[in-house]
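Two complexes follow with chain A in common, the first pairing it with chain B and the second with chain C.
For the complex of A and B:
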């Protein structure tokens, strides 16, 4: 026992080792005061808008027609029973968009990240700067650039570069191609975001493990399959979860490049809802669609959180 | 503490009461009761389209002069063309009516009309009348802005489809001889029938040039076929009972729409248009024409007329003409804007002063000459002046002058935007035959009108 501790009375030591129980009432009251600003923010920015949307979704509220009457769940019934075929098509297209964009983003970004991971540091920095260039352009500008330059109907530079200008018609005017043309643009513009996160994840891998496996004679693909990808799983999961939600809410590229056309062939949920609510002023129907979309995206978020906690929570 | 809360509550109640009394007693001055001095110090909020860059110079240099002269402060709120109707309707229904003056696009006029003040009363207070004003307007504008005998909007801005063409090609003796040899009649300059347009489109189509270009997508595309449908003899989108003009109630019109759709798509299937027409809107057709690739551009050619005039140095003479109608006397479609004053505005008199100023010939001439781009004025006198000055092409002026007035209801915008545009794009994309296009579109329009509960 040191000199200092010897001078402390036994009761005091006990009280230092185990804090005295808080006086519950006062402590909890103080705590809640600090939460009020955040609660006001949540209420004003989340609860109120959602509440209004729910309210409007239960009404036949159309500013263009000047109608406003209680409709009960009619708007929802029309949507969920498939009577609005365009909504169902937009929903299906949105899900396809999410899956394809995630898959392409992952393959492209992971390939780039792995390439740089095995590169010398100087070159890796150079290529990293090149790869992330598209993300520095704001999405609206990217969409306008691809709409007016790359896919421009009277120039078709992109198709000329590929030698396809005589084979393929400018894609944004073709109902079969327009949707895929938008996906190409989106992957070009936003895969660097996935690349940055995956690249950062790769940099966290302990290289000594990889060196040890090389000493043991593991091939590149064995290392990739048994070491790199398993260690990267949490990063990949979080990155793709965010990307999935982001893709589900996709709006600017579709709206700027095609506004949902030609022939409604590129509408995703957000553009379709925007058109119904803000172009055609059918707020009742538009609000019901927005709530359905909110439920789906909320479900995706909760599933992502659940999976994260179930499989990676302890590791994290 | 309790006393403080009580005092606070009493103060809040008293303040609310004062506001309520003030609001109730703040009656809107009638046109007769106002004079210039009363308006000094008032602030009006004016909702304009951000797309109307023709007025850039007016807002920048002339508006401050108006403010200094009248003492009325003008707050300009520029919003996207597609958002202007919803922004306005939101404001006057649930937004507290903060807007005092608004530019309204044709599709939004019917829905907004019941919320607008009768401009006739303001005109009468100034010693004029609605009839007097409308007498000086192009034909369609004499009825398009009036709802239930109320002049809801001041006629302002119009547009119509016209054709810009390579006049020097048409005047080339070699071309004229070759055309006569091939078709047995003189090369028409400009053409006056739809059949002549087909012959010309075929004649000028070569491996490197197209005979004709028009918008194949979006709103500009939909309005192209509407123009042809009107020229085929169909009178608008809805009849007097609000039924679809080419729906089940009008089988005769279905045939006319089929003919219009066949006529237009034949240009594509015969290879007289650029292959990429399905992706083209006005900006693209203009670029295509200005690149020297096409003989005739059937679109909103007035928007880029100054560029076309400037391009004559390299392309040779460019002329314009109104697209011929299938039957003589059938005009095409017009696109128009009006300015209005909401009935709920608290500054109607100041708003009217602003209206008179912005619609004056001097200000409109300023917009037409110094702004970015061109619009087509609805005033006959101003339109003639704009044509004389070379600002507006003659072909478009003719189209506007002959344009057909058509009924606009609260559902018209929906019929055109959510049903008409996708159907047109499917027609151009070869997903619908002309017959299917006419029938499907007509049925869908009728369903939408029925669903809206506006048919009789």
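For the complex of A and C:
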């Protein structure tokens, strides 16, 4: 699951609470048998394919050139010494994408959540339904729609609404603008997931604390800074770290809207590797890049876990 | 006077709400209007349409390029992958919930989180090469196999929280009655965990349903799922925007259903997680 997978499991957002009760009585019983199906699944469906990827990454396996020979670590050396400038650029752009997307998602989703927080339940429910409308349009559909209607080369509605259609060139055809145009679409289409999670977290805050501070005459921003945000910190962190990890794997919006163009100016890692493999048929190089990407993604996941444990202690 | 002051205080909030609504709804407005417009009509900005037609929707349901095969493929693939993932993830999540106070159990659990972050591109390439040699490209079983590893770590990760919330007294009572481990799991724990499993299943299905990166290289003309079907409208900038918009809205219906059903559990699940 890629960006299409901005999947943030609700269950993972845990915080602001008592630790779950221990169950000592039955803890001694062995539960290994229950793990076996999942172990087989992980081995057959994840370990074996990744093993194949590692195998191909050590070969010059290029169907376009018809080459298939052992290459040792040549593919990796080429990537890690920066001789493939496009790959390095795609890596940098992916990190920029992650930072910009989570920043914009956070500002938008937090504003939405805070707006609803101060409303009566009925209205909050109504606006919540409106705010999540964009995620009902599946990502590939959103991407094609924005590409062909909002950003259409002639008469794109996006620029017309902003009154810029005579000033700015069609965004997806402009190497300076295309990347940012994609980000606008991504934030429109997928920020509601962040909103759902932040809003659910906000609902857990004990309103009596806030009422007490209102009696004390605290202004809205004082309350936000000293009460709401500190209480929300764990929820915010978990939500955004999930979003960041998933954004690192971003694929469908970039691939559908620009295929990495114009002139490689919008490639992120997934789309660049996809192009190496399925357009240029260079599976050796593609596999090596995929493995490098996997290592980075694994490192980010592990980093996220360590930071979580600082928030929740080891139990989380 | 107090009313006026209260009104003034609400102005920034109202402005913010309006800005957000414009941001969310203006593209939605164009999507809906385009789906009811004749071929190639784009509005001259934010105005009301002059003519309304249903031909795009009729085309989506009856034309040569109708939506049905894609929707059927999507349904089969989504149900099968999600079912398979839940089947093997549920016992594992149960075991990990019991092992969560041991170092090994926690390490295994966290490793599923790391597996969740595996780039799909690293999986789809080998699947493509394997399937092209075993003639499994363009088959539904191939898609189901390749989509399951996306769902599996997510299911384990989310389901453990569900099992964590079952009070230990429930199982202790079962243990007094002499239920074995497997019977305890199937007849005591599973019924209690069912809503949580359903919610996880629906959210997993939602993400499988929209997947593009795995399905796109592995599917062929007879196994296109809905997300691939939609991209078939992307070639022509002018002619196909109407059918595209209609198809997008039709494809949003399963999303909405899954979403509404999951809300029945998942607000609970989300809040249970956040408590």
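Worth a mention:
Following the convention adopted for this analysis, the second predicted complex is superposed on the first by the 280 of 316 C-alpha atoms of A that agree within 3 Å, B and C clash if a C-alpha of one lies under 4 Å from a C-alpha of the other, contacts with A are read in each partner's own complex, and residues count from 1 in each chain.
As a convention for this text, contacts are C-beta pairs under 8 Å (C-beta built on N, C-alpha and C of every residue); 3 or more make two chains touch, one makes a residue touch a chain.
Worth saying up front: this structure is predicted, and the values here are computed from it rather than measured.
Contact with chain B, but none with chain C, is seen for A:264 once the two complexes are overlaid on the shared chain. In the overlay built on the shared chain, the residue A:278 is in contact with chain B and with chain C. Contact with chain C, but none with chain B, is seen for A:188 once the two complexes are overlaid on the shared chain.
In the superposition on chain A, contact of A:66 is made with chain B only, not with chain C.
The wider contact with chain A, measured as residues touched, comes from C rather than the other of chain B and chain C. Applying the stated contact rule after C-alpha superposition, one finds that A:150 touches chain C and leaves chain B untouched. Chain A residues in contact with chain B (one complex) as well as with chain C (other complex) are 148, 152-154, 278.
Taken in their complex, chain A has these residues touching chain B: 62-67, 148, 151-154, 156, 169-175, 259, 261-265, 275-276, 278-282. By the touch criterion given at the top, residues 13, 16-17, 20-21, 23-28, 30-31, 34, 42-46, 85, 87-89, 91-92, 94-96, 98-102, 106, 108, 110, 113-123, 125-130, 145, 148-150, 152-154, 156-162, 164-165, 167-168, 171-172, 175, 181, 185, 196, 199-200, 203, 207-213, 217, 226-228, 230-231, 233-234, 237, 240-241, 244-245, 247-249, 251-252, 255-256, 259, 266-267, 269-275 of chain C touch chain A in their complex. Within the complex formed with chain A, the chain B residues making contact are 82-83, 85-86, 89-90, 93, 108, 111, 114, 216-218, 274-280, 283-284, 287-288, 291, 293, 410-411, 413-414, 417-418, 421-423, 425-426, 428-429, 431, 452-454. By the touch rule above, chain A contacts chain C in their complex via residues 1-2, 4-5, 7, 9-18, 20-23, 25-27, 29, 31-35, 37-42, 45-46, 48-53, 56, 108, 111-112, 115, 118, 127, 130-142, 144-150, 152-155, 157, 160-161, 188, 196-197, 200-201, 203-204, 235, 245, 248-249, 251-252, 255-256, 269-270, 273-274, 277-278, 283, 286-287, 290-291, 293-294, 297-298, 300-302, 304-305, 314-315.
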